[in-house]
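In what comes next, chain A is part of two complexes: it sits with chain B in the first one and with chain C in the second one.
Our next item is the complex of A and B:
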């Protein structure tokens, strides 16, 4: 009787573990793929395009972005995105990388921010923005996330970002926390970082913007947040609106001290 | 000269920027709610009215759940929204149910008005013996009917849970499929069959 049961138990154990095993191997395969192309992340093409755009006179004022101040002084790109979002005295606002680039494009080049704000991802000035972002974030790779949480405006935006993170609404009652509030969760086979803790926030915030293998696109943080809200079934967040800056401050603050791995490489 | 130029500029910056004094939690709550209205725009079927919270959504929008009393009150109110099958017919076709469980489509700004929504069940739950691409936000429902049987009590509970999960857990992560009009009554019947039918791959290996 005992002997007869044994094989059944083994088969049952195998079948029970089957789903987990496949899920695990899929995650392993993605990790292997990441390793394989780590030396040649396709986002390099976007970085090169962005560098070119940074140095090319554009817009009504036919100027380059070489005097753009990302917080480290005019033209300094190295380490800049690791310290963003940050408060800028000249605009009197906390800005993320993309809203700051909008300011530079407007003041230096005379390019209307509406072209980006009302544009579409992967086309026109938003495509230009993505390339510029790829260029800038590459120059913080290996740095540590270092956002200044002693600044009072940053503190306020953190508090607003936290409220936005837990804000449940829409036909499916979702908030950011529905998917990103617990450790070790997945949607289908996709691992979800817990953005309420340092480890998860460092993994998430630290690896976006990123190149997405599934659609060969380079996604900025504004693009990433936009698609999160689409899946949450909310209305569409306005590009560079307060909620996007507040959530970025919330994530960056949680990630503070973690490694910047941008541009990341995603499924 | 410099002063004259700078003064109005400084004033403009002060008016536009966020006040630097410490803001009370209540003020921040109000500002956050305003931000959730102002930062969004209509896109396709996803309109800005979706940013306005229902009372229970607001009560469940903190890191910690509300008090037990508030939870109970929400659950009692949500229980009233459940529409029980008028003809007493709880089960449809498990094969249709599987399609609904797999589909995660519907209600985003890239979906069309009037298109049939999916249940998105596999985004969060393990269900069948065969589908290995499942999420883990919700509990595993593998062998749901086989393990729980099909007493009136469990059948009724499951219908209610599918229709409005908040009736049983005020701040549940699960959408109110029936109450919020995500799924039709017939679609819920098909999901019931998928969960309970002995021939369904949820129960049969």
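Our next item is the complex of A and C:
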């Protein structure tokens, strides 16, 4: 009896160790893959396009965005996105990078924000927006996430963002927290960050906007959030609406102090 | 007019490493759009890299190469300040060449 049981125990042990080895090597291989392609992150192509767009006179007012104030003074791009979303006195509200760029495009260039808000991703003014975002976020790479959570409006949006994060909706009764509220969750082979904790939020918030290798597109945070809603099978949020900014505030606040790795590189 | 490439070239111990990021759709000709119509093939067919005026690499590309291709290679020789030129031609006859100084 004792002899008969022994091999089974050994087999069980082998199976278990084999299982973890596979899981580890998959995560390792993805990390290796990211490292390999990080050298030639095609975000750079979007960044180059964005830089040119930033300096090109456009719109009815034929102006450039070089006087756009992203919160660090007119025209200052360096470190700007690491401190966003933030409260802007001139508009009297909290804005994320994209809603702020909309303000600049409207006030400086006379471009109607509706062209972006009602537009489609990867085309027209939304495509322009993506390139501009790529340009701006590249200049915060290596910085630390530093959003000012002492501002009362930021606190208000954080509370709204938290509610939205846990709000279950759609035919599958999903919330953001369903996938992003626990450690060790994954979709297919991709590890999902736990956005309710600092480490996870820093990893997630810190590496978006990003270039997606699988579809050769550069995705802004608005695009990323829009797709999260789509995966929830619920109604798409309005571009640059308060709820999208609130979710950004929630993630950025959790990520505060983490490293900015934008533009990221995703599969 | 095709979008610019990003080229980096650095010399170390008599070997120059060149890294090129190209902006190209690299459409295979096999894909269909939302209405079911074939998207015409559009991809880089030839690529040439020169060190000053000497060809150090010539390559034939095809539809299996990804969108926005990345290419890295090394060649012997090359000194700081030398010129590296990379140029491509695609199946529609469009071309693009960019130049960089070795750092």
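Just so we're on the same page, the second predicted complex is superposed on the first by the 241 of 267 C-alpha atoms of A that agree within 3 Å, B and C clash if a C-alpha of one lies under 4 Å from a C-alpha of the other, contacts with A are read in each partner's own complex, and residues count from 1 in each chain.
By our rule, a contact is a pair of C-beta atoms (placed from the backbone, for glycine too) under 8 Å apart; a residue touches a chain by one contact, two chains touch by 3 or more.
Quick caveat: nothing in here was measured; it's all calculated off a predicted structure.
S.K.: Based on the shared chain A superposition, would you classify chain B and chain C as clashing or fitting together?
M.R.: fit
S.K.: Where does A:179 make contact in the superposed view: on chain B (first), on chain C (second), on both, or on neither?
M.R.: In the superposition, A:179 touches chain B alone.
S.K.: What's your read, chain B or chain C touching more residues of chain A?
M.R.: B
S.K.: On the A-aligned overlay, A:235 touches which partner chain: chain B = first, chain C = second, or both, or neither?
M.R.: first
S.K.: Which angle, as a multiple of 10 degrees, do chain B and chain C span at the CA centre of chain A?
M.R.: 120
S.K.: Pick one for A:109: touches chain B only (first), chain C only (second), both, or neither.
M.R.: A:109 contacts neither chain B nor chain C.
S.K.: Once the structures are superposed on A, label A:168 by its partner contacts, choosing first (chain B), second (chain C), both or neither.
M.R.: first
S.K.: Of the partners chain B and chain C, which touch A:216 in the superposed model: first, second, both, neither?
M.R.: A:216 contacts chain C only, not chain B.
S.K.: Name the contact category of A:49: first (chain B only), second (chain C only), both, or neither.
M.R.: second
S.K.: Between chain B and chain C, once the two complexes are placed on the common chain, what is the minimum CA to CA distance in Å?
M.R.: Shortest inter-chain C-alpha distance (chain B to chain C): 12 Å.
S.K.: Which positions of chain A sit in both the chain B and the chain C interface?
M.R.: Touching chain B and chain C on chain A: no residues.
S.K.: Show which residues of chain A lie in contact with chain C when the two form their complex.
M.R.: By the definition above, chain A touches chain C via 37, 39-40, 42, 44-45, 48-49, 213, 216.
S.K.: Help me check something: in the complex, which residues belonging to chain B touch chain A?
M.R.: 13-14, 16-18, 20-23, 25, 28-29, 31-32, 35-36, 38-43, 46-53, 57-58, 60-63, 107-110, 122-124, 126, 129, 132-137, 166, 173, 175-176, 180-182, 205
S.K.: What residues on chain A touch chain B, complex-wise?
M.R.: So the residues of chain A in touch with chain B come to 15, 18-19, 22-23, 92-94, 152-153, 156-157, 159-160, 162-164, 166-175, 177-179, 181-182, 184-190, 192, 196, 229-231, 233-238, 241-244, 246.
S.K.: Inside the complex, what are the residues of chain C that reach chain A?
M.R.: Spelled out, the residues of chain C in touch with chain A are 3-4, 6, 19, 21, 23, 66-68, 70, 72.
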